[in-house]
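Here chain A shows up in two complexes: once beside chain B, once beside chain C.
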Partner chain A sequence: MRFFGLGKYRVIVLTVAMFLVFDLGVLVLNFVISSQIAADALAVNMAGRQRMLSQRAAKTLWQISERAAAGQPAGGETAELAEAVSLFDETLTAFLQGGSIRGGAGTTVTLARIDDADGIAILQRANAVWAPYRARITTLLANPAPSVDEVRSTLDVAHSANLELLKLMNELTSQVEVTAAAKATTLRAVQIGGITLATANFVLILFHFLRKLRQGDALLEQAKKETDDILVTVNEGLFLLGRDFRIGSQHSQALEAILGRKDLGGADFVDLLRGIVTEKTVGMSRDYLDLLFGERVNEKLVSSLNPLDVVEVHFDDQRGGFVTKYLEFRFNRVREGGVVAHLLVTANDVTKRVQLERALKEAHERAKGQMDLLVEVLQVEPDALRDFLAAAALCLDKVNTLLRERTASATDRREAVIAIYRLLHGLKGDASGVGLSGLAEAIHDVEDLVVALREKHASLDGNDFLPLAVRLERLFAQVDALRGVVNRFAQIRGVVAVEPARPATETDAAQAPLVVRWREFATRLAEKHGKHVQFHYHGIDPGKLASPYREALPTVINQFIRNAVVHGVEAPAQRLIQGKPAVGNLALYLAARDDGGVDLSFRDDGAGLQLAAIRQAAIDRGLLSAAEADACDARRLVELIFKPAFSTRASADEDGGRGVGLDVIRAHVNEWGGNIRIGSTPREYCHFRISLPRPSPQLSAGAAPAHGEAA
Partner chain B sequence: MDEQNIQIFIDGVKNYFLQQTGVAAEVGTPYLSDAQARVAYEYTGIIGISGSSRGCVYYTAPGALLRDVLLRIGESDVTPANQSDLAGEVANTIAGNARREFGKDFMISVPVVVSGGAERISLPPDLRAMVVPILWRKHAAALVVALAGTS
Partner chain C sequence: MKLLIVDDSNIIRSKIARALGSRNLEVVGLARNGHEAVSLFARTRPDVVTMDLTMPEMDGIECIRRLLELNPDTLILVVSALADKATAIEALKLGAQGFLCKPFSEEDLAEAVEELIKGAVHG
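The block that comes next holds the complex of A and B.
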């Protein structure tokens, strides 16, 4: 700002100053001239008084003369004459020289000297007439007893001077009036001129500044429109944040959509965050804003601390849920006079970007996680795996159904625990059977929970099942993940398959997928337990069995294999001592009868049923007292192996020992209306024979077995 | 979804009934339900949860239960509006309890009450919800927890 710091206001100040100067000039002139007019009015008045005094002097002189003629002495007339002469004389002198004289009512007034030539001439003529006249009157008044002649001679002088003086004083009065009128005219001209100038000045101000104001308004309006256009058009949320953390009066329209609310001007930014981010983030944000408004820290250095760089926000959807978005807030200091006055905040909705990033990351991590699954899955025959996973989902559904429907009383809950155990055990066996060891281990862990429930002596309440339900959900998730991998794998295989489809041929039953799977399972399980077995199969292709046998028999056979390998077949060294080949033999025979029924035979050349071990296990598990066990015949002892939770193994692992397995087989067979027979010779063999009738329509339709489990 | 978190919600409901009515609520056996088989009674108080876990939790109860609770706590107004408010109050108690227990990493929404069928309750479509039956004086109700961990 230049010119006394007035800047753009310089012109208006000058113009207003001019206006004041004009007004002041007019006022001063007004004052001066009006003073002069007042003086002129006095002069007119005094000139008029001179006319009166001249006549009074003449009249008084005549009265004195009359008294003298009548022989009477002069009375008050002498004093009156003296007074009139004195006043006339001093007034005439004042007109000529200026000075104070007596006015009316004993006051003193100052009379200005008459300066104009006409006035001076009149006064000089009047003085010429007045001087001898005054001298004769003065002489007369000096004589206290003038004679009649003396008075008459003075009266004669008065006769000759009086009319001249009256005429001259009339002229003087007229002259003074003319002078005063001229001055009044001047005053009016000055006033008109001054007011005209002042008005012109005012008009100038008015037009000049109206134009300026209009220009300024137009510029402001244009600037505002441009700003509004920017704020309406820009995709980012833009606003200024004050030191009190309040949003400025202006913000971009996009901000309302980004923050999901209106009326943002003046709103407290931290309060606004409080509803949409966690309290922890709110606290961190406040600290960060304090940091930015502080002068000590470098803006760029602390930008990495911004807790709102990419922040997850949650808007209440008014339906008991949240709409989740990801927002990005950037802050830049705005300085005024070197001090941080505001923060310019840029807000962006980066939801799509973040979701894409997360989806990519999740896909990457899922792919990594699925690699292990994929490796496992690749080793399993695809159809068998698909069948298993479908059956696994069904099995978990059954567990869930038991939790939902079979838990009304404590007794129900106990029975549900046993049923759940059977289902999970069967599922675990099948998982092992198809080679999904990871899933088998997970199921084994869930079995631990079920064992804990089963062995809990106190009454089971609903809350006790919470961990089981949570883990059931995880098993579901695992099975879902496996199904996802299988589906993807199938898609990939479908896309990249280059090998032409082989013509359909009669598959050798011994090479049927299920049989191959059983063989591999038996071999793998035996290796795990340090044994060697050979799996032999005769009979029909198990894949051609009628439903539900096709789905459920693999579970039964898995249990036979597990039971035979874990409990039956001896270790190679033991077998050699007993004169047997080191490799144990498992033989499975499966036949479809003409009546639609199925015969199954499973035989192993292992240790056979060990009645002594069964007897001891029955005592250990409280199923029989020692006396009862001793009295028990072989047939009744053998029956015990079909009891729930019966096992001769001292400790449980993934493959056996919990005593669940044969009871699962029995439950299936009973449900299907079949029968099961056992033949065994100690140290020679164990042979199970199952005869199943033609499946009933209900079973074929997939009715849920009461104690069953999926294959 | 882990049992500790779910237990906090269960305890919230149990505490509410014990403190408000003096009669303890009995927890049934939890099970899973998917989006196609939502559990819902007449009135449902829902709270949304976000942060380390996300999804929703709701308490759903029949009008008869809510009416009995109202009478039990000395409330003579047992109109549907008041029953609905009560469902919201239970949800609010669950929310308050959860806020205390979960700390600052969670966001918990203001409870919303819906009345009517399950179709009005929106759950994440790919999530199995944990249904915890809650019995109070032989009235069946349920707490449903549908939460997924964040990645």
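The block that comes next holds the complex of A and C.
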């Protein structure tokens, strides 16, 4: 149970209360005993006065006796005697019974009754002596003219009674003094005891509170040390913000580095923001802090509106420039007694995070841009795309030339601007026309710069062209990127569509006599037609093939080479325009399968099968009607190239055009029970794949087919 | 508790009604602008209002001012895009208690309204 709700102050209240009780008790005892001592002092005084009164009565009687002997009447002595007797009697009665008596100087004092046994015995004895003595004096005083004898006999009584009374009053005085001394001793004991108890209590209180203070100090010290450790170690800037927007006296060490200044305790947070963020952000921040200090808004439901969530700040770098950082401030209400007393502010330097996020976003946008470009490229007709790229290269070269020559005169420069505008405008139209909207937008941006130059009224100088040169450089890069995408895409399509696994090349197989002959044949044939080719070989030594493949292979390969060089590979200039290397590539793969069969792959990176030309040739040669040709799909058209006497070449020469060749290969393959497949992309490649089974004994025993043809 | 939905987008109104109608909140009105909201508010006396800020005729700021004149104890959740933080803060200064950014999921909305009501009960 709580002690009147005093809590941790219960002990101090109890001990102080005890201290007061002790002091009060001692005070009361002191008062009582000192009152008694005062009464005893009066008694001693009155006992002493009794001795004096007894002496005075005896002395006055003697004077009256002397006067009587001289025959003189008594004068004032009679009244003095009566007064002394009255006072003595009154005082003695008061000693025995207690009561008020006349003191000195006309005052009245109260005399306490003597109540100890020895005192009472003395008083009784005194009363026994006093009573007859008083009676004789009273009788004497009653006689206005006493005789000498009467006076002398009373004087005789007085003589013996006075001595006795003096002795008894001395005893009484001593007795009262003893009693008073005993009381004084008691008083001292009480005082010493009380003071001792009070002192002990005080020492107890002192000890108790010193211990409590030491414990409290130790706890405070420990808590302060822990807080200091946290504030020194923590990476975040931590501080409490008051309702006046001032930073509290305690803050983490990191805050100084984050805010780039010291002496932050007591600083005005809003003033501090004013130097490093925009005025609009300062205003919004003040409003936001007001909202948090208010009670109406829900703290959790407004955090997304924090204007300092991530804020760009600029600090003076002390060298005339500034440093840009990104800081994050978070605010949490701190309540005291249910009221928002402070905001706990957590500040972080998130510059690296923001920069990383931006870099990631840019990378993402770049990747997305490339993906968009790829998607656009996929949707554009390949021929149109190649034509566009060729036109773009030409156009940009012209623009570049105009820019290089711009320094002649202001008039020339203005004409150059108009010419550049026309070129770019045309190119933009081409880009839109083929569906490259992203590139069209980029060209449009450059066009805007050119328009600005065209509309500039002041004369143009060389510096005016600098931004244009920079943007044009970027446009070149975009067109190059587009070309790269197209080329890479062409490669991917080739590989994915038809590229077989490349067979392991036997040692020296590429130098086998047959392979050397094929290579020489390809080179010679290409030179004859004004072309350049490289012949690549991978696989087994073709001389090791089983019969009849070994014997028939030269015919097949020579036909492929002839077909590729004459019909497929383009002239070097044409290839360069199309973004291809000037030298064409012929690749032959030859692999022996585990089942005894043979796989053959022949690929060239020339023009591919020209479906339109095949269609036209089929009509020209009467193989199909125009209607049939139009209705023919690509697969059926490709089949036509294996027809005897079919050629797309307009005029025949020794190397092609007579339509002899592919039909011979088809005839061999059919005879051997194999199959032949063709893959092709216009302007990219043409690829033949032949798969032959293990040769049958009949075939092996037979002679080489009659269609054979040596290189 | 009774709920009034204020938004000029039919899709958003439906989404809010769907998300909150099934959570012990009785949708008592759907308003397309501030005028409709004030009229519906006076008639239906809702406890909670979801408030768009950018609306034709009467915008959210003016609407919040009018609704709180009618009943200062109304709980108002501003549901708006983050494009203009300053306007949203203005709405809160007028007396709205919370803010939810568009676009939002139905769960986000339900949690925000729950928090709004809880905050009002526990002070």
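Remarks
What we mean here is this: the second predicted complex is superposed on the first by the 361 of 711 C-alpha atoms of A that agree within 3 Å, B and C clash if a C-alpha of one lies under 4 Å from a C-alpha of the other, contacts with A are read in each partner's own complex, and residues count from 1 in each chain.
In the analysis below, a contact is a pair of C-beta atoms (placed from the backbone, for glycine too) under 8 Å apart; a residue touches a chain by one contact, two chains touch by 3 or more.
Quantities reported herein were computed from a predicted structural model and do not represent experimental measurements.
When the two structures are aligned on the shared chain, A:K361 is found in touch with chain B, with no touch to chain C. In the superposed model, more residues of chain A are touched by B than by the other of chain B and chain C. When both complexes are overlaid on chain A, the residue A:L291 reaches chain C alone and has no touch with chain B. Of the two partner chains placed around the shared chain by superposition, chain B is the only one that A:R404 touches, whereas chain C remains out of contact. Of the two partner chains placed by the overlay, only chain B lies in contact with A:F322; chain C stays clear of it. In the superposition on chain A, A:V470 makes contact with chain B only, not with chain C. By the touch criterion defined above, A:K280 lies against chain B and chain C together after alignment on the C-alpha atoms of chain A. Legend: residue contacts after superposition of the two complexes on their common chain; A:K300 is shown touching chain C, with no touch to chain B. Comparing the two complexes, residues 280, 283 of chain A contact chain B in one case and chain C in the other. By the touch rule above, chain B contacts chain A in their complex via residues 1-3, 6-7, 10, 26-32, 45-51, 54, 56, 58, 91, 104-107, 109-112, 114, 121-122, 128, 130-133, 151. The touching residues of chain A, when paired with chain C in their complex, are 280, 283-284, 287-288, 290-291, 295-298, 300-302, 304-305, 307, 338. If you check the complex, the residues on chain C that touch chain A are 77, 82, 85-86, 88-90, 92-93, 95-101, 112, 115-116, 119, 123. Per the touch definition, chain A reaches chain B in the complex via residues 276-280, 283, 312, 314, 316-322, 324, 358, 361-362, 365, 400, 403-404, 407, 413, 416, 461-463, 465-467, 469-470, 472-473, 476.
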